[in-house]
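Both complexes shown next keep chain A, but they swap its partner, so chain B is in the first and chain C is in the second.
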Partner chain A sequence: MTSPVLPFPAPAPAASGRTPVYALVGNPNCGKSTLFNALTGLKQKVGNYPGVTVEKKIGTVYSQHGQPMQVIDLPGAYSLAARSPDEAVTRDVLLGRRSDTAQPDRILCIVDATNLERNLYLVHQILDLGRPVILVLNMMDLATQAGLQIRVAKLEKELGIPVIPCEAAHGRGLIELKVAMSRPDLPLPRHRWDIPSPIAPAVSELQASLVENDRKAPLSARAEALLLLTDQDTIRVAGSTPLSGRTAEILRSWQKRWEGEGTDWAATLVSSRYDAITRLCADLVERDDRPSNASSTSDRIDGVVTHPMWGWLVLGGIMALLFLSIFTLAEYPMNWIDGHIASLADLVKESMSPGDLRDLITDGAIGGVGGVLVFLPQILILFFFIGLLESTGYMARAAFIMDRLMSRVGLNGKSFIPLLSSYACAIPGIMATRTIEDSKDRLVTILVAPLMSCSARLPVYLLMIAAIVPGDQVPILTKVGLMLLMYALGTFGAFGFAWLFKRTLLKGVPPLMIMELPPYRLPRLRDVVLQMVERGGLFLRRAGTIILGISIVLWFLSTYPKAPEGASSQEQMAHSFAGKAGRILEPAIKPLGFDWQIGIGIIASFAAREVFVSTMGVVFNAQSEDDEDTAPLRQALAAAKWPDGSRLFTPLTCLSLMVFYVFAMQCISTIAIVRRETNSWRWPLFQLAYMTGTAWLLSLVVFQGGRLLGF
Partner chain B sequence: MAATIPLSALPVGRTAVLRSYPTAGAAFLRFREMGLLPGTTVTLVRTAPLGDPLEIQVRGYRLTLRRSEAEAIVVEPAAS
Partner chain C sequence: MSTPPPSHWQPERVPLCQLPAGTSGRVYELTGEGQFKQRIRELGFGESAVVTKVSGQSPVICRINGTRIALSHGAASQILVERFGAMT
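Let's turn to the complex of A and B:
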């Protein structure tokens, strides 16, 4: 027995007086971002929902008459029964649970017209909310190509809401959409569907309590009641208003009662929604059965891309191309930035009188921030590639191919790209973990990502390899072999720790691999570039202040206390706090084969690893005019001695130092980003401790082991 | 009634009708919400190069799932 629960609509109040706020919602891969960009242009504000690392995007749309309307782009979701922090934010905003975001007045629902049934599931849940809804049927061109005819007028009549066919990627249908959006009298959905009658009393009681105790609007409360009753493993995110005690109590008592009865109402409810959708679609969609071009093209590509042999070649080829372009393309803007930062510092030097303030600005602020800015081109190129892989649909295939291997250490395929990106730089890698739904998997990936040898370690490896095998006529294979050894060590370290963390600290259910494989699509360059710029900006804003702060602290440590007048920069370094810290550190690092001067390098390169090289230049007084030329530094290192006259940079010490740099967390930008992405200091500090601890231990093993073996 | 097998045992390229499901677990609620319900037609499109996960076609779109989950889903192969 069933009974209709949702009432007929009352006319919606005209949104007068203030700017109407629309929420834009839809499944992942339905063209939501493209529509948002097409509607709002560059008038977007990108930020974060406080307490969660979910992007918050707000833009302004102007109607044909220049009337502004606000659009909140909510994260893609398959259902309001959230399974990831992204989906939880979408749910909470729509239900008015977030104190930082007002409940939107109206909802813009976008669906992929080629995949109507599954897309309508979320729409069906949203229609329950009792807000005015506009339905956007996106990718109508692809639907036509696939042989689907959708009766738009009939759909409008059935749901009682405006339905706008659209091709967001080509800008078609946008005017009609804006006209609909600026209507003052948007109707409420005529939404009737049968929910199983045994649930009805529970829904009513909970709804009444939500209205009375949680101050919810009656219709929205009904939708929320349905959701609460059927989504028991719900995930909560920070910033979400908790239920009142009374409502929570009612909820618990109903859940207990149903547990005793053993009926799975959640499953029943999903089925009854799909039944309604299937009935609706039977009348709406006409399908001619000719094989569709779009899906068969996609299938042909997949025949190669996920082929047991070609698949690996394609994956390897794409990754090789990615790294090649990062290292070659990034070089020009990196030199440009380097040059401009140097000339900026020179400009300040010329225009200010000599003194500590000047040095603070040039060496501390400009130098420190510049050292991080130099990596921005690499980071942006990586963001660009990640965006490209995402928007074409290849990202999902890479995860599909790699899942089996990643599952060996307890992760799933979605961790692959973030970890791979970390070979260039851990920052875009860590920011790319947002696509991983499971929060524990995401955290494990973040924790191990900096172990992948990033490009900032390269100068250190190169210097040490040059010091191990002096002279330019060394066999190239030895150099390459040593380099590969370091990369392998980092990679095995990352997977080893991932395995360990998944078994101990962050034990969870084995991760799922329920993932949609969207058809391949041509990337929209504008969307990819826009996303790259947004993420780059986010990184600068997030890491900027912390990096600036630590750069100044490190400058202070190497400048004070002042050495007597006329001292060289080498003597100044030895005299400074950093020099003293190096000496204090020496007992701890001597077993690794390092003296206090190397200690200074380790402390200074805490800001960024490659700073080690320039610090060694100062410490051993071997600065050359040309940064590229490390010959003077190599000679100086070869001449460096322990106080007892024995050689400091023996091959074993160099190897130990390289191993140290493979594992040590020597990067404040990464710490800053991990702090932001995990929303606490706990995880970046844990990461710092475990990585540096491992670095110390393994360097100890290398150095002492090597000595025992007689090296 | 025709013989039923686990989804994981369906040969590549074959179509089947979904029959039953474990009721417990977050994974299976999500499967349902993605449109995999008793009575739904599914086709096993391919497996990943290492044999796991599986790619299926359901309601006109493609979905991946791990073999371990597919083992718990019972399907009835369509007559070929």
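Let's turn to the complex of A and C:
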């Protein structure tokens, strides 16, 4: 039985006065972001779909006559049968399941012309939706280079929708596309394919129920019925409207019946779509058989970068370069920002009369937010590199090379980018876990990401290393060696805990990694920079607001209650809530070799690790303008004593403290981000507990073990 | 060839991970769990698709329909292919 799509009347064109809303959809790597940027320029709004941490991008396009049109850039997807939260959002928006996003009026489908058949699979599903569709054939230049001739007019005729050839990367075809987009009378797809007859009754029944009980439009309901029937394990994400009881009941009864029969309708449907596409493409695409240059170049590059030995060398080289630039290039802008924050604080100090409000602004607000701003250059450099590697196509290869290593601890290669990012800062690292499809893998990656030594730990390591090695000249080899030791400790810790979690808490079959390797391309600098700015902005907004709040709280805790008039800042600190907390904490940390003054540092740096250094400065009364310049503070630390007169900062204590900072979750922003990304307090609290517990235990082992050995 | 040729009407069937680099085959059967099979079919890897192995043990890189797809060893071992006769 055939059930061709009936010519339902087109949904009324957007009422005059309302701007039409387009959804932009396509496979990953088909140039979707490039097209979105080319169409909307900087007129983009980036937000979030409430409840799911998938970026929601909306931009405005102006037609040739200045008429505005909205475009929602949906996450890349291979199919409406979603496999990741990203794909689930794409599916839900297109099916009108999200209460926060109205079903788009029209759909802009972008495909990679060099790989038409695979890309048309998603298009084929989208044509079912009963919305006007415009098909954009992107990368026409590469298709021509690869010896493909696509008969655009014929494709237009077969599908009954406008088909616009385009080269988004060079801005070609955009005018034609805008003209098509501003047409008031876009036709509905004239597309027919045969649903295998045995499932047709199920589709009709479910469709009728969706129309009646879930208030869906008839065509959209048919598409949804097909999807529901053939994709039982549908990923549900927050914000998606659940099915009505009646519909869910019908669905269950059909699924049960088919289970009994043992026929895999999902497979049949996929192949029937592919058959339809193959028939379509047979007449549309002419291939000349000359070997394509682009693909053989990619093959040659792949021969090196995925080689069992050269691959590791290339990856190692790129990572070394990345770290080098994060820690050297970032230094100048970081000093610059630091300087400006200091002068801003001075300005406030000069223009306000002394008092608590002034201190709140300078020490609490400016100091706290400045502490985050200082890391922005490093984070931007990291984002730039990641964007660069992504846009050349190398990132997919790196993930694959790492897959071999990651699979030993039960993770897959997609955890590589988040963990790598976490060396700069765990927040972008945790945000990057969104590409991981398996929810358990994603959670494990989130849980261990903060163990990678982030740049906020650097000032702490530097101070402790300086305190371990007496004298002004710190032997460079000792310094580098200790530093590497800390990085290695964190990295192995992360892998060890990943291994442990995958075997205990979050057991799961090792994921099978399948990934498309895009052809190598020259990076598009504009897109890379745009993405960097956008991600950097998101980081600032998320981390900045939290840090501001916590800094104010910490300022309060170390300022009140007030010490008697004329007390030094050191005495004030001892007298404050923070000082009292330090004393309460002392019994717990004494076995690690820390006294109550170090306890204040640990409490204060609970918000952000680097705060430890400035707190030590206050506690031991050795103010220096620059966190990195540790000389005066180092002398003060060397002079610090236990009440019995013995040295406080022995090399063993310093080492114990460093180990503590490798493992302890001293970062309130990370806790907040994990709370957001996992949608519960359970995981951030667990993370806080296991990391701090490990830190305490290992510091204990280091200190007590060292003492037994006679240090 | 040193191996005795299989009876000519029965092509050689191997998991994709064992297909030698540079040779092609036709996907004959997908094994394993439902979601994996569904996704791999949607990527154009369905039964009767023609695969060319480009390189590797893990990752296995192959070309299908003009796309380069990388699979971990585990994934590649669940895709059975009929190897085309020795290329001339």
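In this section, the second predicted complex is superposed on the first by the 683 of 711 C-alpha atoms of A that agree within 3 Å, B and C clash if a C-alpha of one lies under 4 Å from a C-alpha of the other, contacts with A are read in each partner's own complex, and residues count from 1 in each chain.
The criterion applied here is as follows: a residue touches a chain if its C-beta (ideal position, glycine included) is under 8 Å from a C-beta of that chain, and two chains touch if they have at least 3 such contacts.
If you're wondering where the values come from, they're calculated on a predicted model, not measured in any experiment.
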Name the contact category of A:Met513: first (chain B only), second (chain C only), both, or neither.
both
Just checking: does A:Thr114 make contact with chain B only, chain C only, both, or neither of them? Give me first, second, both or neither.
both
I'd like to know which partner A:Asp302 touches here: chain B for first, chain C for second, both or neither.
both
Examine A:Leu405 and indicate which partner it touches, taking first as chain B and second as chain C; both and neither are also allowed.
first
Determine, under the contact definition given at the top, whether A:Tyr78 touches first (chain B), second (chain C), both, or neither.
both
After lining up the shared chain so the two structures overlap, which partner does A:Trp312 touch, if you call chain B first and chain C second: first, second, both or neither?
first
Report for A:Val270: first if it touches chain B alone, second if chain C alone, otherwise both or neither.
both
Classify the contacts of A:Ala567 with the two partner chains as first (chain B alone), second (chain C alone), both, or neither.
neither
Chain B and chain C footprints on chain A, overlapping residues
78-79, 81, 83, 114-115, 117-118, 121, 231, 233, 264, 266-267, 270-271, 274, 302, 306, 308, 396, 400-401, 403-404, 407, 413, 510, 512-519
Quick one: in the complex, what on chain A touches chain B?
78-79, 81, 83, 114-115, 117-118, 121, 231, 233, 264, 266-267, 270-271, 274, 302, 306-309, 311-312, 396, 400-401, 403-405, 407, 413, 510, 512-519
Chain A contact footprint on chain B (complex, rising order):
21, 23, 26-27, 29-35, 37-38, 46, 48-53, 55, 59-66, 68-69
Quick check on the complex: what are the chain C residues that touch chain A?
32-44, 46-47, 54-59, 61, 63, 65-72, 74-75, 78
Touching residues on chain A, where the partner in the complex is chain C:
78-79, 81, 83, 114-115, 117-118, 121, 146, 231, 233, 264, 266-267, 270-271, 274, 295, 298-299, 302-303, 306, 308, 396-397, 400-401, 403-404, 407, 412-413, 509-510, 512-519
